[in-house]
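All chains are identified by letter, namely A, B, C and D, in their written order; residue positions are counted from 1 within each chain.
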Amino acid sequence: MDPITLLTFFVLSVFVGFEVVSKVSSTLHTPLMSGANAIHGIILVGAIIVAGQAENVGLLIVALIAVLLATVNLVGGFVVTDRMLEMFGGRKQPAKATTEEGAR
Amino acid sequence: MDPITLLTFFVLSVFVGFEVVSKVSSTLHTPLMSGANAIHGIILVGAIIVAGQAENVGLLIVALIAVLLATVNLVGGFVVTDRMLEMFGGRKQPAKATTEEGAR
Amino acid sequence: MSLLSIEATALLYLVAAVCFILALKGLSSPKSARRGNLIGAFGALVALVTVFLSTELDNLALIIATILVGSAIAAPISRRVAMTQMPQLVALFNGVGGGAAALVAMLELTHVEGIGAVIAVAFTVLVGAVSFSGSVITFAKLQELMPTRPIVFPGGPIVMSLVALASLAAAVWLVISGDPLASYVLLGLGLVLGVLFVLPVGGADVPIVISLLNAFTGLTVAASGLVLGNTLLLVAGTLVGASGTILTRAMASAMGRSVAGILFGAFKGGSTAGSTVASDRPVRSSSAEDVAILLGYAQRVIVVPGYGLAVAQAQHTMAELATTLEAKGIEVVFGIHPVAGRMPGHMNVLLAEANVPYEVLQEMDEVNPQFKTADVALVVGANDVVNPAAKSSPGSPIYGMPILDVASARQVVFLKRSMRPGFAGIENELLFEPQTTLLFGDAKESLTKVLGAVKAL
Amino acid sequence: MSLLSIEATALLYLVAAVCFILALKGLSSPKSARRGNLIGAFGALVALVTVFLSTELDNLALIIATILVGSAIAAPISRRVAMTQMPQLVALFNGVGGGAAALVAMLELTHVEGIGAVIAVAFTVLVGAVSFSGSVITFAKLQELMPTRPIVFPGGPIVMSLVALASLAAAVWLVISGDPLASYVLLGLGLVLGVLFVLPVGGADVPIVISLLNAFTGLTVAASGLVLGNTLLLVAGTLVGASGTILTRAMASAMGRSVAGILFGAFKGGSTAGSTVASDRPVRSSSAEDVAILLGYAQRVIVVPGYGLAVAQAQHTMAELATTLEAKGIEVVFGIHPVAGRMPGHMNVLLAEANVPYEVLQEMDEVNPQFKTADVALVVGANDVVNPAAKSSPGSPIYGMPILDVASARQVVFLKRSMRPGFAGIENELLFEPQTTLLFGDAKESLTKVLGAVKAL
């Protein structure tokens, strides 16, 4: 792909990233950080590609380490974020939560 | 350029457009509309290209009409928006405006 | 000339695209709006220089001459037009943009390859034509070259559906055959469709339609970008299309309407123009002299301007009346409702033009608590924005819209021409309250009389 | 396998990228946050399936096995970790991501062409390594494997500058020669740099540094996208880089700090840890029994939890105390300051984990007016978030930060271990006010004692 196309993707993504996150409330800072953290675990795609092209055992081992690290980032990131948000979730609908508790 | 690249540009631009404008105050609706209107006057670039490639007089005339219309859109759009904002501008800094008036 | 390499060209177009994004960003905040617009203009300049330096162009002299002519037409009009005529000018500029996109796509038809590009051509021709003729009709409505009320004729919806179907057929024909003739037919049908589309829209809903057509034009420019393989047109057009869509929704919701309701309301009968039947319930009306006395002996007056002030072009007279009252030691402020008038922010622009100082223009939230202590609320050509039905009657079309709380002022004076309702077409109970007085007549004439009487006090 | 065409692959990657955008969008609003995260996970799944179906891969079995092992490690840890240990886990996950990006770039070095790509490799190796080792140190600090206070050693800034310069030199060497050896050197220097970078940061500033390193990792992933010519990595990485930058700034400003100040504060001496000198002015301290009596005979108690509650892991004891008091008919609510604790939203998470019902957790704006009518404000391990200096002394580092208005409660009880100040390192005048009582000791121990005494009442 030509450099300017890549640059255009980059620039547009910068704007999207900036705009989407600006003005988020401080209560959500940690989950948002952790969610964004999970997203960059997508480097796993890159790690898989290099592991699939490794030409000797040495390179393969390094590539598999990258796959392992990236998997931990990706899977752990999404799971941890979900757990965190599970706890946050209810907090935002106190009325509903109360009803449910009352029903038990 | 390949279609997916173009689609990617499109999708990213949609997000940028949506995000940038969401939650704008109603006072600015008209200038924003008029400013966005000026931006699509950039079709002038396209009109210039087709006019520069016109193969016969008929096509050239149509292309020049397009150039004319696009120019009116582009130039008029920016000028009208600027005039509108000139009036809005001061409204937002009443303190400063008062001082200036007092100074006269 | 091809002075620029492909990379340099693409880079400069990217710079222009970034300028446009920054322009939109700037325009959505009051502080940076003007700078944003200038950044946009700068981006356009960069793009123009780039196209001239990067493309092998024939007919260069003619092109440049045409651009100069276009600028010579557009700039003075834009600079001289009255603030009240802004909306129609914006509509017109939008329309010519759509027209230009349609023409560009038609001309490219013979050069494009691939089904995708032909579909983009068909889309651009059709939507560009709709945007052009639709904008011309909105222009005519706002400029009062034709009636502003919704124009509905029997069988309208059927004709509309038929034309829409025919356009679709022509588009398919164009995509399959690539025949230029098909593009002419499509252009023609698009023009008719645009007219049919806007005719049934009522005057006060027109700004929303302009915004919608604006988004349409943006999308046609994006599609032209696809056709020409030009990233800048694609990005800029998409930006306008997306932000225009959001803006249209925001405008509609600011005045408590739905976009679909506006477009199809007149067809379905629940018309946007509301009823225009004058009420015959008794009201207290009075003379300009009586109003002058009320005002002249007040301590605090709050003026609530509306659509009627704009229509009657009474802003200068109103400004003079305010100055005269202030010279008598009476405190005068203006309460500005966000959707008062013909377009959002209309009153701010109108009164700024009439040199009403900024500090007496107050937003709804600021001014509402002050009505309690006001002696007179002077409602000039406004109706819906002060109608208590918005608070009290859940069934009414304006229910839920925030209003200016004039009812709590000691005295309320309405300046209007008749007992006809406002835009929403519902009666205003406030007109019949004991504290209310009406002064019938065109706002400008009434204000002139009141001004004379106040001076004579 | 290459079951997918190039177009289909690109399209699926685009779908994944859109999922990531929607994930970030969702995460920035409380209502949609959880769904947003799931959309993100779905996007990742799409991307993984796509890479397997579209690329000719050797070692397939090994790769899949490694992924399974990785998931088997990450999922249970993530599911089981205590809420108090979330921040360090996020730091760790971020670090491994950065490490993975650095390794991927190193391996690609032999395949890339063009100076641009080699620059991207150098960037990724260096920044990825910084992110990896920096995150490991933040992990160690938060996990208390090492002291949380800023670690400054003489000549630190000089060593840091030297290492930074050496890294730059190695990067240039790599770009010029393309020699793999250079990339190993660069990796090593990056690791050292990351350590030096994070050591001087104080414990409470660590969340901001994690966020910054998160943005760094995002940028390395974007650069890997450039290296591999993969649009998805480019877009996703850039998104995280950009939003992470904004988030870092937002976090810093929510706690009234500047990012540069945090990173270089310890070097410059105006340390982020503030003073840790205990005050020796006289205060009124009392026993757990006295506090129990105060609480037991109150009608309304507002609990203000802070950093100390988290450190002492006292949330469960606190929850039990609240339940016990409520069983006695005493109204208990929790006043949650947005930046109380170790990370934003920390208190909400902590107390939700301890099963404190949602409706007694109140945000600052809700709870502040209620202090006037509270009999006791029980401040558990909080200090800065209740320090009136934020309102009254313009010179103080927390000036301007909104605080919980505990000073207007009838009685204020502080649970802390000593007279040392909080994170900002400034004395809290409230400790010396007549209505204030202190109960010294670890929050968990003190609460356990108070709980026993309340039960015995």
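Keep this in mind: a residue touches a chain if its C-beta (ideal position, glycine included) is under 8 Å from a C-beta of that chain, and two chains touch if they have at least 3 such contacts.
All values reported here derive from a predicted model rather than from experimental measurement.
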>> Taking each chain's centre as the mean of its C-alpha atoms, which one ends up farthest from the centre of subunit A?
In response: C
> What whole-number Å value describes the gap between the mean CA coordinates of subunit C and subunit D?
Replying inline: 47
> Using CA atom averages as chain centres, what separation in Å is found between subunit B and subunit C?
Replying inline: 15
> How far is the middle of subunit A from the middle of subunit B, if each middle is the mean of its Cα atoms, in Å?
Replying inline: 36
>> Show the residues in subunit B shared as contacts by 2 or more other chains, in ascending order.
In response: 1, 3, 5, 8-9, 12-13, 15-16, 19-20
>> Touching at least two other chains at once: which residues of subunit C meet that condition?
In response: 21, 25, 231, 235
> According to the definition of touch, which chains form touching pairs?
Replying inline: A-B, A-C, A-D, B-C, B-D
>> Help me check something: in the complex, which residues belonging to subunit B touch subunit C?
In response: 1, 3, 6, 9-10, 13-18, 20-54, 59-60, 62-94, 97-98, 101
> Considering the complex alone, what residue numbers of subunit B touch subunit D?
Replying inline: 2-5, 7-8, 11-12, 15, 19
> What residues of subunit C sit close enough to touch subunit A in their complex?
Replying inline: 7, 10-11, 14, 17-18, 21, 25, 231, 235
> subunit A touches which residues of subunit B in the complex?
Replying inline: 1, 5, 8-9, 12-13, 15-16, 19-20
> What residues on subunit C touch subunit B, complex-wise?
Replying inline: 16, 20-21, 23-25, 27-31, 33-34, 36-38, 40-41, 44, 47-48, 51-52, 55-60, 62-63, 66-67, 69-71, 73-75, 77-79, 81, 83, 86-87, 89-90, 93-94, 96-97, 99-101, 103-104, 106-108, 111, 116, 207, 210-211, 214, 217-218, 220-222, 224-226, 228-247, 250-251, 254, 338-339, 343-346, 348-349, 352-353, 357-359, 361, 363
